Amino acid sequence: MSHNTFGHLFRVTTWGESHGPALGCVVDGCPPGISLTLADIQNYLDRRKPGQSRFVTQRREADQVKILSGVLPQEDGETYITTGTPISMMIENTDQRSKDYGEIARQYRPGHADYSYDVKYGLRDYRGGGRSSARETAARVAAGAVARKILPGVTYRGALVQIGKHKINRDNWDWAQVDQNPFFSPDAETVPVWENYLDEIRKNGSSVGAVIEIVAEGVPAGLGAPIYSKLDQDIASLLMSINAVKGVEIGEGFDSAELTGEENADEMRIGNDGHPRFLSNHAGGILGGIATGEPIVARFAIKPTSSILTPRQSIDQDGREVELRTKGRHDPCVGIRAVPIGEAMVACAVADHYLRDRGQTGRLD
Amino acid sequence: MSHNTFGHLFRVTTWGESHGPALGCVVDGCPPGISLTLADIQNYLDRRKPGQSRFVTQRREADQVKILSGVLPQEDGETYITTGTPISMMIENTDQRSKDYGEIARQYRPGHADYSYDVKYGLRDYRGGGRSSARETAARVAAGAVARKILPGVTYRGALVQIGKHKINRDNWDWAQVDQNPFFSPDAETVPVWENYLDEIRKNGSSVGAVIEIVAEGVPAGLGAPIYSKLDQDIASLLMSINAVKGVEIGEGFDSAELTGEENADEMRIGNDGHPRFLSNHAGGILGGIATGEPIVARFAIKPTSSILTPRQSIDQDGREVELRTKGRHDPCVGIRAVPIGEAMVACAVADHYLRDRGQTGRLD
Amino acid sequence: MSHNTFGHLFRVTTWGESHGPALGCVVDGCPPGISLTLADIQNYLDRRKPGQSRFVTQRREADQVKILSGVLPQEDGETYITTGTPISMMIENTDQRSKDYGEIARQYRPGHADYSYDVKYGLRDYRGGGRSSARETAARVAAGAVARKILPGVTYRGALVQIGKHKINRDNWDWAQVDQNPFFSPDAETVPVWENYLDEIRKNGSSVGAVIEIVAEGVPAGLGAPIYSKLDQDIASLLMSINAVKGVEIGEGFDSAELTGEENADEMRIGNDGHPRFLSNHAGGILGGIATGEPIVARFAIKPTSSILTPRQSIDQDGREVELRTKGRHDPCVGIRAVPIGEAMVACAVADHYLRDRGQTGRLD
Amino acid sequence: MSHNTFGHLFRVTTWGESHGPALGCVVDGCPPGISLTLADIQNYLDRRKPGQSRFVTQRREADQVKILSGVLPQEDGETYITTGTPISMMIENTDQRSKDYGEIARQYRPGHADYSYDVKYGLRDYRGGGRSSARETAARVAAGAVARKILPGVTYRGALVQIGKHKINRDNWDWAQVDQNPFFSPDAETVPVWENYLDEIRKNGSSVGAVIEIVAEGVPAGLGAPIYSKLDQDIASLLMSINAVKGVEIGEGFDSAELTGEENADEMRIGNDGHPRFLSNHAGGILGGIATGEPIVARFAIKPTSSILTPRQSIDQDGREVELRTKGRHDPCVGIRAVPIGEAMVACAVADHYLRDRGQTGRLD
């Protein structure tokens, strides 16, 4: 796997910096004959878009996606049919205030990749985080919108389940709530708690971490691979590649360390429909790297936004000790906007495994 | 990445089943001119080897590794020099009691990959778990022993930090303890607690999960890559590929969700030696996918062994409902033997990134 | 290797169709700190550009390249410095006369990929050849311009050595001639012969094949790899990926079949400078997949342009037998414009091997 | 693609040197449920085996293959069923006369990879050519035997069509002849010519080159890929990876340079069976990288064996000028034994494309 590409048969290459003319991706391996519209893609980009509530960065980007290749425009002027050739998508950067970043061009912001980039590359694009800006994730969401089309009948949904120490009450879980509040919370009762908490965080110029849960339903049993390309491994890998992610879990995750074998094993029976069914889903839908047919459940932890107003000790490129605070427009909880990104990553992993499995076993058609 | 290969320039392909004649790996991309001995490799295999205490499986395998290619034997009869060509290593299976597994050949053991394998492949090698047996990890450990030679000056050490609900006391952390008890515990005081607890688990024919922590010290700042081949991502991916792993963390991991930006940021100063230093290491040694020079800290959770003596509800290949209990020789806590495997995986990820970075930037020489 | 990507550490992904809004490429893995200008890239594109003489297609494309990412613009307004992140380049399509192709939208042009595409994908973009248009090669040339910067001191030069049955006289070989005639001929005496011959071909609405030779000088001995990623193999693979190529040779190529071991072996002596030197170069600069330090010599054969005015028997998508002749603007000898493409492919192969070798052996710095 | 691996979904990794304990390969991605026997594989190895006539090396290797993983032995004791996990195969080296090579351990044999290896790696296994020994190709033939099973109904056949200046008469082509003479000649009349010619070459301690032609019949139209993973490109790449190959052609190959568009275009009609058929096959069965359904025809040129008895000028590792002649057992025409190797390479390329296409388009089932 290259540094800016992921996937095996459904391959995504992203490119672009925060303050260049544009960013985008090339989706290679999408099967031919799939119908899609710009709106299919734009809807997911809009969910990720900044500036939609006071709890996310006020940077305002139109984030309008263009499709440059890989599709045949249909006569209705809206629909495209994929041709099986690489789909190139581009999003122009429109709201770049490079001056915001001028004074910290030579300073290493704590928690950011400034220092490690400079040591690796000897130089870096300091404007808006350059390549490691969260803007790169717009390209992932565009790719994910295509990935969702590959295996019909699968839903990929995400929700925020924790901000700081405040967790949702899982008994209140209601997917319908997720798009009705600015936090992607599935628990309406948690919304005011998070609002108050984040208002305080925001006023203090501080930030806080979060946990996101992604659930994929409808992934057929048998999809995946053992050993080094486990479905859970590939999902974990892609979630871990999202900026600021520090942990990933499948199913019971770290809690499984505390369980006994009796508690953790998902027993099986034959359902009323004559098909195998599991009596529980501690495994999060994956055993031995291969889907069981149960919902795939993945969680990931996002660290607090590193750009904060409180001055922090650091150094600059010339080895001088400095105090720095990050001005500019930032998210008090960057985890919120990570929900559609996480969905996109799981959709890409499933799409890739689907094509590979159809190739290797021919059993999934 | 193929289903049985990992790495980009330092590439490892493993092969073999629990009950075939042998298992092994091919390590491709190892630089030429590196000196190694069989003992270098065997020592790590011996740490992983079953049958060393009453807390691990009593299956007795000699696990003697042979090197079949890629090296020039030196005159001392012990040392080999790598030639830059693929290093093929083989471990013969010597203690295979296939009869143990006969009666469950057609039944799906809960928590195992039996059902998902059968759906994917339409058939499976049921003997000892076949390809998804933990024996596959012996090949990883052998590959890791080579990986440790690639970048001199780095230490890769692991420890068990939790069994069931019993965590170590981190204030007692002493690396010297790790090889002095059957649990790889860095905290001597926890050892009797775990002994009692696991004796009970073992007597009940039950099992329990665990958490392992791997620390790599000496990895140079600047090693790694942004975006889709982040050093933490590749470490997480490889740890997640180990059998029974359900969660992975870097640095603060899931706890980072509860921190504020002020708490989480690792501040920097110039050390007495004139070099940059960090005042803390919440990041676990990696920022933006690239090493900071601080110790790399990764943790992973292993679910309880699925093979337990308590009867569980399941089904068989013919769709019949059954009750089954797994006889045979098994680990009450498979997490214990995962410590050297986790070390090997981190060593392989670092070795691969080192070769890639030396290629791309030429800065690490 | 994916369907639209080549390279291992220096990776190129191209995208785009003949009649979409644009085409382009993403160059991933370019080391940081390399200086380049738009003119560096544009110069090579201009050599490949159509419409420059009566012997190539009259389609007129500006073929102006834009760099969208991966570089830091410098203060002079002309120079860029690479940052080590992916370099996205785009060329807009400006002269698309889709109507030219209307009547053959459903017919399979003999010698073209129309039929095989339709069987594979079930649909195709028939406009101008879609993805398999020679326009795709503009993206290769842009990538090659970056590749030429990777390993300083290497020259990549190409020449046309045969059109139809008319071969150059190798005794007249003069690199200075190559850019002074519309054929990239290194032999001034052959130019009028080819002019007369191609004028006749063109007037008949016919076409003819050609042979191109690429020479890379300055590639250091030791660059390359044995077995499955031989330097000659990778060069051959990339040359073979150019549209219409039907054969590839290294050094003596097919003539080596007629040589004896005595004739073919390149003997060695120590030169006056104390360095090893070869007394001949039958090997074309590569032994066992690894460069010897001698000039690398590769040749490839391009079949005649399939679009001709003479009616040919074919069938259409509905299984009807048809007679078809290809109108529109085409090259009588598509091989001419393949010279800069071949150079680009060899430059990319060498750049990739250089980064890989620097990674694996660290010996090339 | 790694240095010792090829393929994308059907992946082959080979390992081993001429004078180590063994050599072998790991075939990853073979679909489950395929029936094969040791004899299936051994038959092809026996065709490649040295020592079968006076025209090939007299080294005597049993070349007995063992299957170490990836299969379930069936009750008949002969048949195996593939499980979808990696198939590891091993061939032990039994006839190693290392002393033969002693005196040239430090000298660079002209035409061999000795010098280029030493520059690249800084050391090499000089015994019998080490990794670049033709023995490596035994592993390819074993992998090819598995590849032949992937897509039923395809035949892969090869023939020698030229030794030195002596070409077969294509009008005499008879596949039945190929296994009835020691040259794999399809033309019985050429056999005595080659016998006399090679006897002379052999007596002189000389060697000569050859051309091999591989024909794959039954590859379905639509198999392959455009642009960078063309079916012809992948075939050319694998043929070019065989030791001593200096040129590769598809269909008309280099002769296509001399054809006009009218001559080269393969016209189409609807056959009596209602299916499309081509009236000729200049394309060699591939257009735009995708199979047309016609026989795939590939040729490759092999240079004369570099090991000859005539003394040649060279240098040694210490920069001294030497005269050397290669003693030991060698092939006067190494091209003869390349026939089954070429077949194996084409079979592997087709198998890989078949699995990828089934994955991407789902159309080939």
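For reference, chains read A, B, C and D in written order, and residue numbers begin at 1 within each chain.
In this section, a residue touches a chain if its C-beta (ideal position, glycine included) is under 8 Å from a C-beta of that chain, and two chains touch if they have at least 3 such contacts.
Molecules present, by chain and UniProt name: A, B, C, D = Chorismate synthase.
Since the structure is predicted, the reported quantities are computational estimates derived from the model, not experimental observations.
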item: Each chain counted as touching subunit B and subunit C at once; value: A, D
item: Chain pair with the higher count of C-beta pairs in contact (C-D, A-D); value: C-D
item: Whole-Å gap between the CA centroids of subunit C and subunit D; value: 27
item: Approximate Å spacing (C-alpha centroids) for the pair subunit B, subunit D; value: 38
item: Computed distance of Cα centres, subunit D from subunit A, in Å; value: 45
item: Where subunit B touches two or more other chains at once, by residue number; value: 2-5, 8, 14, 29, 32, 84-85, 120-122, 131, 226, 357, 360-361
item: Complex interface listing, subunit D residues touching subunit A; value: 8-9, 29, 31-32, 84-85, 226, 355-362, 365
item: Contact set on subunit A toward subunit B in their complex; value: 1-6, 8, 14, 108, 110-113, 115-117, 119-122, 131-132, 136, 162-165, 201, 206-211, 221-230, 232-234, 236-237, 240-241, 243, 246-270, 274, 276, 279, 282-284, 286-293, 301-308, 310, 312-315, 319-321, 335, 357, 360-361, 363
item: Subunit C residues within the subunit A interface of the complex; value: 2-5, 11, 13-17, 20-24, 26, 28-29, 32-33, 66, 68-70, 72, 81, 83-88, 90, 120-125, 130-131
